[in-house]
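Everything below concerns the one structure shown next.
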């Protein structure tokens, strides 16, 4: 597989951005294998993502960043240039339910998720054997009402020690403290087991069952301080009927959760998700 | 097309209901062409719907009802026996948007909706020509904040005069008064332009756009006094992305609304929807 | 609504195309509101579509075309620059079934399809009243096994006389002669009532019913000389079960056909569909 | 979890079947928790499935079967009465691709698949470690063009020795010999990686890519002597676009295959799938 540079940009929209950026890349001999752009007409903001064959450019990622900086400054860009030879480091956090973890580990093994998994953190020990069988370190950090501050200090220490780029709450079932949310803003991904904004909070499948909905869903979103209210990355649904019990909804929901989290995480790892206020631009 | 009797029952579950009902039908020589049953284990309630070839039974609908009454009483049934030779009468209520009306009239013309449409009622005149071209009477009843009581008295009079079995709010955009909701409980169908319970109330597509959801939906439900909270008959969704404006969401939404309302109404007309508290059993 | 120029390009991929094109547009002051690109790595072909605010450019469409020609030549482009002030002219061809026609006329009336409909051509008279009610001329050209050559000569004459840019076979149910297919290559859109390549040819829903499939579909594609084998624009499906008769499949199929044809046609009208051999690039 | 008897019947349709069967169950005191019926009007065949709380009946499964036999004979029924205390034994057959196996083992561990897995058979050794980690015996039976008869004799011996009720080809990638297909007719489930009947045979995703389809699919079906032509149990699809390579199609396909096979197998294990000629009745 070839190596790529990925240039991701958002900035105020104006005439000539694409010409400047694509002209810059062309002058470096850069071969663009994938290009996505979006102009949000309502807010006047511009978004772009370029995938450039690394070998086609005579510069290292660091040199390319330096060369690009004047353009970025001129257009007041929020931007990043990543290098696929450096795989992002993703810490998984889980509780007792295994479905999302099993699914992510399968995909990781199969090469669908291009990242390192330096460790898995859990408040329970149920999933230790599975994780360790995959050769990944497993840390248990119990969380009780009384020990929350210490527990999350320990979680933060482990995440830092793992040099994590991102954290995935793969059905972690605990609410992260605000400070942690802020520190890793735009880098913590959660899977919520409902079609948000319906049924935020606890026991969403049971809420859905009570309301008699005909479709249940799941939502992958970035974690913010406000519970279940962060920018949505991906959602999907599963049809249900009067035949199904609340337990059936939970079972179907597991499949939707797995699929939605896997898609959302893959896009995040490939720098396809750009945050725009409380919304996302997803160059899927 | 053959004529059918449809027997629809709900009652407390107990051993022997099916044997009694199916035994009764067999003794009349009744040929059952479709049978559906559901036991709700959580509430202990039983639901069934039988479609019986009318010609196979030697009795009229009225005679069959009389013969069945002792069994219905014994099992404390809520029940109805309908006769497909008598087509239900459905009053459509609309405002200015035509998409649901056009769709329902097409399906009605094509024989997909087995009902009479004695009239269409609207608070505007925009859709008069279309309705009258189909040979259906059109009544305009303007509604203003000041004239609501009189307007809805007139609506009620027209519905009554039309001898309506059911009323369909095909994007009527006005809230029916509680008394009307109660009087026609379980017989007024609304299409709400969101995936309830998300985005109840006004301008749901704009709410959805603001929240940055990745799927929008529509919900067909029975109208109750509490706004957008009645038993859900059917829901469906359409995928959207950051590329789509609020106007695009409205446009996609029209397609979902049409489809969901048409399915819900068809099931209602075929006696496939049984209300169970604030939920529905749909023998689709 | 603003006016736009749409630049659609396909050419052999090479470094610098985007830079040249976007540089050209920026020099004209062109404000790009939507941009899509695709590099087909397997064949080395590049595709792009730009939507440019007409007012932001100081040139007429004709002048812009002239100014762009040297770049187009240099990169060996297949290209077109359209001007949304000139609405494309679309001839609809139908037989006796109304569902696609009703749907397209509704969308056209609602402003979802930005085109002129100079006339509808049919081999029957069933849909004349509907079409004429919309103020559109209706031509009947009967087709019998003996009169095919004359009939299609007349069809061709009518299409020509209508100055048609595109032709839509909205369930026309006749096979166009090869010469007509060639003459309007890439401009005749058909809706096939199956999920191609399954069930090509006649009576696809009955074929699907016999095979016992659990999903039925529809396919919108460009017409080529080989029956049901042209480039696919869009497809969709509907779930079915053992409960459904062949007639039910036909009924569900109508809904899928309408939706798929409407999406395909809209994309075609907005210059979002680029043909690539026997496949399509769809910048939806 | 409670124990159930499941009565599954198909027979020529006639008046009184339901009355006789439900009357019989009621006389045994049987509490029916789920009931499904279907009359195929085209062929005049009747299908039913009852789920009966075992504790509500005073008889063992064997006694109940004996008591029911006269009714079965009278109506010329194909029938079975299963007892959920005896879990069906399912042999999995795999090749080198792990996605279906990982998924089935997860679901089995999570209690979603109510069966024993006496062993896994493969023509390769790639998946041995995974299988053995789950405590399941793994047999490798290499298959070469020269050794097919011996290899499949050994496969048959292992399946027999495992006392298997059903065999699942979870991407086994070898064609079973006709004799084996006949011997286990209606008991061997395959997942085909296309939306049958499209793209039967080898490399379906590459065929789909070449044809330029906009949806790919997977099909779970019973294996018959004719390749990829047996009764379809379940199908599903995944949307693709011009952006996706043949490899992407393979990757998306894995998700569809997993989901479709898991649903099909679950229904099969719960006696929800009744074969009707080359089609299925699925009481899902």
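Per-chain residue numbering starts at 1, and chain names A, B, C and D are given in the order in which the chains are listed.
Keep in mind that, in the parts below, a contact is a pair of C-beta atoms (placed from the backbone, for glycine too) under 8 Å apart; a residue touches a chain by one contact, two chains touch by 3 or more.
The model shown is predicted, which means the values in this text are computed figures rather than measured ones.
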Those chains which touch chain C and also touch chain A: B, D
Residue-number overlap at the chain B/chain C interface, same or different (half cut): same
Quick check for the class: compute each chain's Cα centroid; which one is farthest from the centroid of chain D? C
How big is the gap, in whole Å, between where the Cα atoms of chain A centre and where those of chain B centre? 41
Can you compute the centre-to-centre distance for chain A and chain D, using the mean CA position of each chain? Integer Å is fine. 36
Of all residues in chain C, the ones touching two or more other chains: 41
Enumerate the contact residues on chain B facing chain A in the complex. 38, 40-42, 195-199, 211-215, 217, 231-237, 241-243, 245, 276, 278-282, 284
Show me the residue ranges of chain B that touch chain D in the complex, using the header's touch definition. 15-16, 18-20, 22-23, 25-27, 29-37, 39, 41, 56
Chain D residues touching chain A in their complex are 98-99, 102-103, 106, 109-110, 112, 133, 251, 254-255, 259
